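Structures are listed in the sections that come next.
Next, two complexes with chain A in common: one pairs it with chain B, the other with chain C.
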Partner chain A sequence: MKTELPIERVLAWRVAQAEADAPPAPRAARLLELSRAWWERWPESFERLVTQLGSIRVNYGHAMVAEPRGRGYPVPAIVARTNVEIGSLAEILYFNVASARLRLRFQVQPPLDPAEPQLEVTFIAVDGPRPLFVAPAVLAPSGEYRVDAELPEALARAWAEIKVTDRMPFRFVLREATPP
Partner chain B sequence: MGTALRFVWFWTFWHWSKESFRAEMLLRGPLNGVAGNWDEWFHHEACAEEQAAIAEVGGSERAQRDFVQWLLHTWATEAVPGDNSEAPVFVLRELARVAPFDRWSALLDFRTRPASAGICAIVLAEESAGKSTDLRRVDAVVLPVEPSVIGGTIAADDFQVEMADLNASRQAVVTVLSGSGLARLLARWVALGPRAYSRWLAVILNIGWFAVAGLLAYLLFGPEPGSWLPPLSATLVALWITLMFVSAVGLGTQIRAAWQTGKKLAAHLEQDEIRMTMPGQLALKGGSAGFAFSLSVLSAIHRAYPHAAKRSWLWQRFFARLDSSNRSRAATGVITPDGRVRPVLIEPKLRACAEQNDVGEIFAPKQRDASQRKLDQIHTTLRTAEAARNQSSSGVAPSPGYAAESHRPRIHRCQHLADAIAKIGALSSPWQAGMNAAALALSGVMLAALPDLGCILLPPPPPAAVAPSSPSPYFLWVSLDTKRPDFFQVVLESQAWVNRRADVAPRNSTPASVRAEIRLVRATRFNEKPNFEEGTVWIERRPRLLLREYAPTERVGRYSLRYLFRLGYE
Partner chain C sequence: MPPTHPAPGSEPDYGANSRRPDGSQGDSVTRLMEQATALLAAGVSARAGNDEPGASKLFDDALAFALNAAELCKLKDITGKQIDALLTGARCAACSGHADTVREIIDSVSALGGDFESGEWAQLRDIDLWPDEWLVAAVRRNPPDERALDVLAQRYWKKLFARCQMLTVDREKAADLAQEAWCRVLRGRGSLKPGGNFPAYLAMIATNLWRDQHRSSLRAGEMAASRMTSLDLEAPSADGTLLTLAEAIPDLPALEAEARAKLKLDLDDALARLTPLSRDILVARFIDGESCAEIGRRYERTEQTISGWLRRAIQDMKSFLREAPHGAG
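Take a look at the complex of A and B:
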């Protein structure tokens, strides 16, 4: 048996094998479907989550004797995982809008168990059940999620003056990140 | 390259962190949120040169160690407010969790080393009847806060708890450092606790108290001291006063130092922030972890400000023992803001402690079912069951473990946080308690005897005989102008009358006076005509100590009978 083969032939054989094993390319209609935001694909699910989000009340009593440690206002959040949706709160730790980019860090309270290394964060407006945009959030070793996303121009202008200690004009729907 | 320049990137991060916090972009202060802040800066703000400089330091273990030393000694001095020793260690521990420090071998110790000696809260998991996993280590850290932030707060980092419970734990510590709790601790220490004297001074003082007891016993019950009475009395008084003075100065100094130290530490608690951590990401229901939180906060405040306690022997002793134990401690009990420890459901918690071999001491509320006997019963039951399991699985009888008793945890029942401090600091000594009781009793006797001793050392002036004389021919009254009649006696010496001695005492029968009353009895010799006015009355000193009367000493007055019969009539 001939044991010596040119490397080009080996590579060509490997590519041919990989093509044979690969799933068929999605059709155009499927690609269009995938490019749509999740709330357009599953409007009922979105409506349910937003209703649930609206039921999370964060009431502040102003009888406190000392300023609370965090100073900021927690953001209501729904953690939507497979077969379970949990109402939660997200503490915003860092908020910076510059050059139409949002850099944000938040911590889910209580922490997710088990922690998700990556989440898909949907920003929902507080003044109506309308999705603003969606961005990935990565878990940092310090237990916080960080978001680095480009903002629509209108939002970038509106949010430029927001401080981390202000009430946030959004709520979160946190979903398990879909694999690319 | 100079050290300052090698690590300038850390200053850049630090100032970014401070400015971002000031501009309200960061929620947590530079110290408080150092891990998250660093993560943000490192990934999004650090420029290529800074990234390269960080990578260069991370490239060699020696440079990493230099960075650790620089951060602990140089950076901390300039950046950490309020001389907080724990803050730079906290920073390193936090940084060790995030990139790129999580790969630095020089920070391995900070990644793995626990923050404190270890106080465990006994927090039962749902439906647990008491397992070793229910013992959860509680760590606290005291951090200074930025000037713009109000301090005096306490927060749980990775578990949920009622804020009222956390605040009660913090307030209890403040109380025991500078309030009624400290008064309770000091009172207990004064009554039962060992003293801060050096060994030789303690021996001398103990010998001194024994000498006081011996002298008192000799003077009260021994043979007639005669002319030794004044020097022995002087020695007794001088010795007692010296011992009281040394004890009072020693106690006063320690109480003052403890009070000042406690006040200083409490002031730090009022200004700083306390962060509590407990593994398990639990949502606590009930306040039985409060006692453990308080002990953990006490440990944390000392780690943060170790120099503050240096002046107080009492606090130094407690903190040294709190941090040095090689076996962990567990605590359970609801704590109130004034430091009292309230009862809890105890049996499953004792079982959890008995299952965990590392627990050396358990601090529990003073309640009926929290006893050493109960704990020993549970311990024995568990070990018997364990031995039976081993035997059935191996088929071989287990060999007896003769050291098993030493592993039994000891339970300390506490009514107050101050009681736990006294137990941990070994602030009770049976020997000292006995000595204190003896010293107290001796001092009581000495106080009662002081007037008598004073009269022995500084005798009252000799009294003069004054009116009134006896209105009856059958009695001789010798009235004396003295305020200490019990230190004198009167002696009648006469040929015509039977010689007599009589005590001098205040007499209330009319006319009232301080006098000796002698019943006159004719002598039986009639060979010559008696002269009933012939005779002498002597006034003698007669020292006494409490119930003991000594033999008369000197004669301080002499009067003829004739004079005394006529006194007040002529």
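Take a look at the complex of A and C:
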């Protein structure tokens, strides 16, 4: 027999079925292990990459003269790929923080070859080996990477006034990421 | 670490004036308990006012007063009052997330032959009965209390998974998304609000993660395709909930197991064929109960536009169900 059903009832029915079919909940220990950031899991690796970041020098004056198109300062970046870590620069093309979301575009110089469709960007403080935030960056057809992610409250406040032409308070560790 | 408190038997400043003429400390216990109770109440108010650091400090102070009162009672061998003080202490410890301290207090009371059958002791003793507030407070500490986390994860896993299933329409992806939502919550656990609506927060994190993964296809530009635009011009339905999947779905209660399984597959197939945005607004409207105006604010669209999108999504669902391979339509 067919009958007329409100959509919320149909969807609620499907939700109830999904609840009944749910796999077992993961254990706390597993969740805690999974939630550890990569720099906590592999501190030696983090220390090595941050040391390498510290050795990358950026000639800011030259960078701004050579780049008169309203783009921002380059930031030191380490590209960490399987078996190879390359010191590089990331040219900031766009930076905006609104409603606690960061929208950022950057280009790796020289461009990655082959390009990674997605990178995991770890923002490291400029004044010490402090990881600030991690977010995925997706490769755009233009060859630039785009970050669009929710910021922790403290960073959202601290970065709210930053303009693309300001010196950025972070450096990058760029790691390969599996696309979702 | 639980808060420190004055050495057992020492007379704290706040109790000095309450010494009786005969030198007894009976009133000191009362004063300590009054202080503990007042601080506990202030902590509850601070938490309700979203001042979590303030609340945490007040609960810790209240715990210190209550434990000190209990120690004084122990010295004076007044077991009844000692158990009362420990109950207040356990309450404070639970509110501030000191799950280990709660367990230690339970052990002390057990040694005193306390009655755990009464409602509050029974609740304190069985972590499965703890309200979200206590569990979240215990999880936000560093390190988090694993038993509290286990209970919290268990309590909301099915609901979280179901939401993720509706969004991803894929069992494995749903489990991954639910797990990732938990990881995201745990990474930022220091900012959790024990007084907040935890399951709603968890659901929001999962939904935001899923939206982030589909951000490009959720952009309004893509949805402002011509077929949607024409609907935007139509008068909205007075109440979106009156929209039905008329004649497309059989009567749910009358379904046999096999038919239920087929309907599930057909519904999933129809949901999967929707755009991520259509799925998002269906879930937001009909599962979360968000109004079209609320959804509109998120997408920077008018209520009428969202209403039009919803009608279109439902029409799509209907037509997908009519084409359903397992015969739901």
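Going forward, the second predicted complex is superposed on the first by the 134 of 180 C-alpha atoms of A that agree within 3 Å, B and C clash if a C-alpha of one lies under 4 Å from a C-alpha of the other, contacts with A are read in each partner's own complex, and residues count from 1 in each chain.
Convention: contacts are C-beta pairs under 8 Å (C-beta built on N, C-alpha and C of every residue); 3 or more make two chains touch, one makes a residue touch a chain.
Quick caveat: nothing in here was measured; it's all calculated off a predicted structure.
By the document's definition of touching, of the two partners only chain B reaches A:141; chain C does not. In the superposition on chain A, A:72 makes contact with chain B only, not with chain C. Touch criterion not met for A:158: it reaches neither chain B nor chain C. Of the two partner chains, chain B is the only one that A:110 touches; chain C does not reach it. Legend: residue contacts after superposition of the two complexes on their common chain; A:95 is shown touching chain B, with no touch to chain C. In the superposed model, A:14 lies in contact with chain C only, and not with chain B. Of the two partners, chain B and chain C, it is C that touches more residues of chain A.
For the contact definition in use here, the residues of chain A common to its chain B contact set and its chain C contact set are 148. The touching residues of chain A, counted against chain C in their complex, run 1-29, 31-32, 34-35, 37, 136, 148-150, 152-153, 180.
Residues 66-72, 91-96, 103, 105, 109-111, 113, 140-144, 146, 148, 163-166 of chain A are the ones that touch chain B when the two sit in their complex.
The residues of chain C lying in touch with chain A in their complex are 144, 146-147, 149-150, 153-154, 157-159, 161-163, 165-166, 171, 174-175, 179, 182-184, 186-188, 191, 208, 212-213, 215, 241-252, 254, 260, 264, 267-268, 271, 282-283, 286-287, 314, 317.
In the complex of the two chains, the chain B residues touching chain A come out as 20, 23-28, 33, 35-37, 39-40, 43-44, 94, 97-99, 102, 149-150, 152-153, 155, 158, 160, 273, 281, 283.
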